[in-house]
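Here chain A shows up in two complexes: once beside chain B, once beside chain C.
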Partner chain A sequence: MTEPKDPDLCRTLGKISAMEKELNHNKDNINMRQVSARISTYTADVSGVCSALFELGGMTVIHDPSGCNSTYNTHDEPRWYDQDSLVFISGLTQMDAILGNDDKFIRDIIRAAEDLKPSFIALVRTPVPLLNGTDFEGIALEIEARTGIPVMYFPTTGMETYIRGAGMALEAVVNRIPDPAFHGKRKDSGQAKSHGEKEGLSLEKGPWVNILGATPLDFSIGQTMDSLKDWLDRRGYRVRSCLAMGSGPDAIRTAGEADLNLVISGVGLPAARVMEKRFGIPYVLGFPVEDYGRILDREMSSLSGADSDQAEDSPSDDLYGGELYDGEFYDSEFYDKEKSDLQDSNLNTDHSDRGSWVVIGEPVTSISLACAIYMRTGIRPEVISPLETDPEILDWAKEALNVRDCGEEMAGESKQGMKKIGAGGISCRMIQGEAALEEALRPYTRIIADPLYQPICPGKAEFISLPHEAFSGRIYRKQIPDLVHAFIDLGLKAD
Partner chain B sequence: MIKIAVYGKGGIGKSTTVSNVAVVLARAGLTVMQIGCDPKADSTVLLRGRKQARMETVLDLVRNRKDDFSLDDMVVRGCAGVLCVEAGGPSPGLGCAGRGIIAALETLEKKGAYDIWKPDVVIYDVLGDVVCGGFSMPMRRGYADKVFVLTSGENMAIHAAANIGMAVENFKSRGYAGLGGIILNRRNVKREQEKVEELAQDLHTRIIADLPRSDLVPEAEEKMMTVVEGWPESAMAEAYRMTACAILQACGRELPESLRTVGVMEC
Partner chain C sequence: MIHGTIKDRDHWEDAGEKSLKESLPLSQALWPAPFEPGLEYNSPAHGNWNIVHMGMLLPEAHQIYVCAANCNRGVVLTAAEMDAMDRFSFIEVQEEDLYQGEMEDLVIRGVGEILDRLDHRPRIILLFTVCLHHFMGTDLPYIYESLRNQYPDIYFVDCYMDCILQKEGLTPDQKLRIKLYDIIEKKEVNPRQINIVGNDFPLSDRSEIKRLMRAAGWIWRDLTELTGMDQYLEMGEGCLNICTYPLGQPGLEILSEKLDVPGLYLPMAWDYEEINRQLAWLCRSMGIIEDDREEKSGNLSGKEAASGKHSKEDKSKIVALLNPWIDVEKLREECEKSLEETAHLLKGRSLALDASATPQVLGLARLLISHGMKVTHIYGDAFLPEEKEDWLWLKKRAPQIEICSVIHHNMRVRKRIPDDKVLAVGQKAAYFHQTPHFVNMVEGGGLHGYDGILTMLDRIRQAALEKKEIEDTIRRKGLGCACLL
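Up next, the complex of A and B:
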């Protein structure tokens, strides 16, 4: 673990370690389950909303005295100094709270909005107005009526993580994008391709994809997002919009015209569900970490209407060909070792001499990484998610190494209903709280996690550092790997 | 579903009046839910009677069982099947009663009270004075559609009613409930009718019902029952039936068959 150079941070870490001693001293007396004394905490929901909306051209107003804003711009928002965005705090005072000065809040927002003409206004709740019971819904309605600008309200508490905050922000955004069917740009849902022009293009160039769940909190501002777009491009997918990094408001407005949604983090799932319901756009969970991209690609092409023959046209680094399960897909050496495991889809940790591995982090990317490690080494890491994890993600994990059985396609059977076969999945558990995590980490011999998890890792375990912006902020930003090509940085290059 | 909130000065007769109205509407075949929004938790006592004198409030449940309780735990079926709910409040002298009302109403909604019971009529019986944001919760969007103010001709009651009327007016731009009208609950003071009519004019509304002062009301209270249940033939019971009809009409609802014969009030 490298020492941070930032003097502020050193001081903070010093304070933390003093507090840690104090807390350890008190540990037996108090119920400490929710306290983080030795590890960091994840970015909170308030910053999550701001992060998701940062590039969308709206005005985000955090209703609080100031604390949430400084946390956001100093720790949670790497784009703060390089990109313009309208993020404000209301400057709520104690007297405002006591006297119910909603009018001041409303007036200030209206004045700023008249100046800045944002395309939407987002109101973000924090602990003070939460405890005060401020009627944001009513306030939103009033501001919308008086400015004519759409106002969204996010009932964050400041006590949950960015997964929920950014998740509800993207969900609200896709709830408000126009329905392309309305403009004749899309036939009924279910059928992937739509109007003539696009269909022509699609035949040549493949389906349109939205990337859902992109924030710097999970993917930082390094190479990862570019590599992801590159990966999609090489496989013939065209990015319709990326929610919400690198796509302007115009691209996002047309997100409803995509053929497929790729959900790259837990943040993107609520939005994916909305778009499936509203526009019939299917979605795939996963991030193309190294070899896992092959399974993800297979899954994406089967749902987007791009047939597997098209997949065969894709570049030669693609390892399709032959039956997937003949051992070519997985390294055959390991396939044999794992054969029994494959057959009963046993998710138990591999307690062989190769030890047991665990990845800690955001569930969708961590599960994808665990799959990639399995495909490369035959070792099946487990995943621990300390973040809010949707049950759907846990279900997906159980099958993340399976692909749809395209071998004997039966008439009348939809691709979505098709049975899946392959190597099963990854065990993913949601565990929150420092004490519970420390306990859970005890059996592992190799731990892949953000460096700030190290203090609670068993000493004998090998620690592989995978910095996560939402956990350690800017401290290790330079060491954050490009997730698409993560193995070199993680020192996991196949021998 | 119609949702109404009844406001008015403390002790003016809100709980007594809405309990009688609730029984009238329930007897007419509607599913009625009465929600006491007052830490005293005494809104539904007349409906629950002696047998069910004790009930757990929503905040009691939250306090004692965190989230481990169901919709049924919050509701007691009272007279004529009226669904009785009491929001409850913090320990007296502590906490924040207004925020408690917000928490209780949110809990009720989260547990599906409106979706599962599908009441035809929801009545929020709100504590005397709108002293903080919490007590305007029942007027907020998604809660009551109409606010009714109960008053007598006493100055204090009129003053409180005027304040409530003003709050309703102020919140209009937030999509809150509008004023449904004034219910006059007589105390037989001088110039009672005149003063309340003046108030109605100031608030751009009208008196939709006129309840006489009656000894049957305290008598029924002794027996922990409603007048319409104990003395259905009395003039007071008829006055409550007329009030119930007037409320439905102010909400733009048709009267159920059995209430069509009730004499419609001149105003």
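Up next, the complex of A and C:
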């Protein structure tokens, strides 16, 4: 064993001596979830912050030596070429880090802010500033005082996923939007209300909805967001703002005037909680993937007071229509065969002769997709989330197929033998680490996941490619499906 | 960043407000770094190679990165875009690893697990540690010693992605160009073998260097052209090392010292006399022309030789000496003719040159301007020391040229008005001018000598006549590497 050359330095940094390490060595303490031999990694929190703030008119500064900006704009930011959002790195050097030369950091930011005049400044932490304890709060105060521009600090580590980074960014944004009660645009005082208790809002033209959790990391820049807005429009909802794609700062400032928040990814959940607390705006989790949109619509209408019967269904929204899909009709016989399964609300994967399915990915969209598959085929896929997943999302998954407040109505809509769809939910497990994932995937016969997961999938399983920008970056961007109408793109068949 | 950095802040303070701008006329620009560093922008032009691309050059090598997810994301997807995930693995550092004092165990056990999980046994592992390890004082020697003891059949190469040190020393890129030759051991010398080191692109087969080697019956070993590990290890038999790419120079020095053979730094030059001097130096080092000078630079080795010393001997004598091997006068005439044709074709069209296309961008500008072409912009944040003479020449003859930073924060919002009247050499110049007429080249593109001049002029003429799709071309990482995009 080689001793460190400079023991004083090692002691200063709190390094355990080589001898102590040998004595205290406990192999089980090492978490091999951190090891990946063959697959990719998810976008990290630093890029998550940048992505969430990209369209909001601010200037994001990553306090980093090099590389973060290139990684972000190459692999995590499809809007980089066309939109001149202000995202920079500080170019931190070793001597500045060691000597605590924050003056250069502050001076450079002020210099750029004077040139570029951003509406706010966001400071983003990376591993080295984390390690040396850079006083970002103090730096933020100083810059704000000297420029008059609001400064936000995001305590990212570079070691968490974008769910946390983008989540904290959107949370910070909604914490700063004005309370409409102060502008006479809402009658309520902004105190928290339970779902469905709102009052005093004009619904003449349909309820206003904020979309929370939209970043290209989960939805890329294809058709998905347009389809989502179209889906909302056809159901009489009006989009107040979309955090944070396609809505400018002006729209986002009015987000507090919305009647309902639709949380379409885990990224949006922290912001939804804040808005529920600040403005009493209820929220619904889920993304309207194919047939699941019907359940989501009913959930939304029950909270917003909208009349879901006004919805103008597109062919793919038809739950029971015996629709033509990939050359096959799903007829009543098929549904009758599955009826007993459907009425069984246990969360186990379907182990019928058509095999067991799993969806890997961002939990909210994956659970929504799994629900849609179940509703179309009767097969109940499981979901594996390799990302940090809020317990609330796991709880929601368990009930995702239940139709709140309108079970009778749904049953009354029976077509072609389908009697009921409200039936429990989807099993969603959080599994991280390549080895654990590979082990977990062994039983499945059909796997829906990003193509970069394929190396750890069992050879016997059918692999259905569902590219996810937050995992494979731009490689498969052109093949990312429109999630609202995902089935055809995914080539899903009923077997 | 290819070039060195200025450590003395007085450099910019003397320049006052001018150095704070993102572009300025050459007449007002400071040598060698015109722009005071600040927040840094990164353009969407990504054709330059990074350390992952370079590491893939090493036959049968597997790369393992030990870093935070945010750093890892860029390298893992570089490998994925190259369709080379079977040669790439990682160990992600988590926050608790910073405080537990078990970083060494994490790395050692992580590498073990990766080896268990791979379906092949790599002969070489390039194990990259990062800034964090540097700051934590991680016991890297212990890690490598343990791994080498545990897996004696595998070469473990210590590699570094420690970007925080790059402005005060070698960049990770330069360090890897050293480390890629780390396991070469001196063998019985082949008196007719040259090693070409430090480059990403093979030298053109038409280059005078390769023509000389072929004519003299020599062989060469070049990482960019190797077919396997055994051929790579044969580099230990070389009797002479050469390097044509500036970032490879530190690697040239170290390998030459290790093998105890001369190392010749022969960067691309856009000047005929400099090309002749380089070729003469090479020929003398090969022993194929007589060396009757008092100071025999061909006998220099290692650091001294790699510093690029060239004797200022009589020009006509060099031409005569080279003549039996290569007719440089004829090549010069070809270049002149090609320059004339190019100038005629361009008819005063504006040229924007980019240092990411060729490191010796000032020399290229000088060559083009001295032959009647109109260079209006040069993109680069700092310039090579050996280009000072060209800088001074340009300052006198073309002071109006606009020197443009590529990383200055204002470049993010600089107007990019599509202008196909501009012809760009390099991806970043093409991006900033939004011109479809551009030479798609990075890192010198393997050009050298007279052939390099002729090839560049061919490419300029081709770019003048043809359009390229800008975004789709420049967004691809590692020009010349496999790419799934």
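We take it that the second predicted complex is superposed on the first by the 390 of 495 C-alpha atoms of A that agree within 3 Å, B and C clash if a C-alpha of one lies under 4 Å from a C-alpha of the other, contacts with A are read in each partner's own complex, and residues count from 1 in each chain.
Please note the rule applied: contacts are C-beta pairs under 8 Å (C-beta built on N, C-alpha and C of every residue); 3 or more make two chains touch, one makes a residue touch a chain.
Everything quoted here is computed from the prediction, not taken from an experiment.
Asks: Which holds for A:Ser119: it touches chain B only (first), chain C only (second), both, or neither?
Replies: A:Ser119: touches no partner chain.
Asks: Is A:Gly100 contacted by the first partner chain B, the second partner chain C, both or neither?
Replies: first
Asks: Kindly classify A:Leu141 by the partners it touches after superposition: chain B alone (first), chain C alone (second), both, or neither?
Replies: The first partner, chain B, only.
Asks: In the superposed model, does chain B or chain C contact more residues of chain A?
Replies: In the superposed model, C touches more residues of chain A.
Asks: State whether A:Asn69 touches chain B only (first), chain C only (second), both chains, or neither.
Replies: Second partner only.
Asks: With the two structures laid over each other on chain A, which partner does A:Arg38 touch: chain B (first), chain C (second), both, or neither?
Replies: Only chain C; A:Arg38 stays clear of chain B.
Asks: Just chain B (first), just chain C (second), both, or neither: which does A:Gly133 touch?
Replies: first
Asks: Can you pull the chain A residues that chain B and chain C both touch?
Replies: 131-132
Asks: So in the complex, the part of chain A that touches chain C is made up of which residues?
Replies: Against chain C, the touching part of chain A is residues 1-4, 6, 9-10, 13-16, 18, 20-21, 25, 27, 29-32, 34-47, 61, 65-71, 73-76, 80-81, 84, 86, 88-95, 97, 108-109, 111-112, 115-116, 126-128, 130-132, 157-161, 434-435, 452, 455, 472-475.
Asks: In the complex, go through chain A and note every residue touching chain B.
Replies: On the chain A side, the touching residues are 100, 131-135, 137-139, 141-142, 145-146.
Asks: Which chain C residues qualify as touching chain A in the complex?
Replies: Per the touch definition, chain C meets chain A at residues 20, 37-42, 44, 46, 68-74, 76-77, 80-81, 85-86, 89-95, 97-102, 104-106, 109-110, 113-114, 117-118, 131-132, 134-137, 139, 141-142, 145-146, 161, 163-168, 409-410, 412-413, 471, 475, 477, 484-485.
Asks: Can you list the residues on chain B that touch chain A in the complex?
Replies: Answer in residue numbers: 98-99, 102, 132-134, 136-137, 140-142, 171, 173-176.
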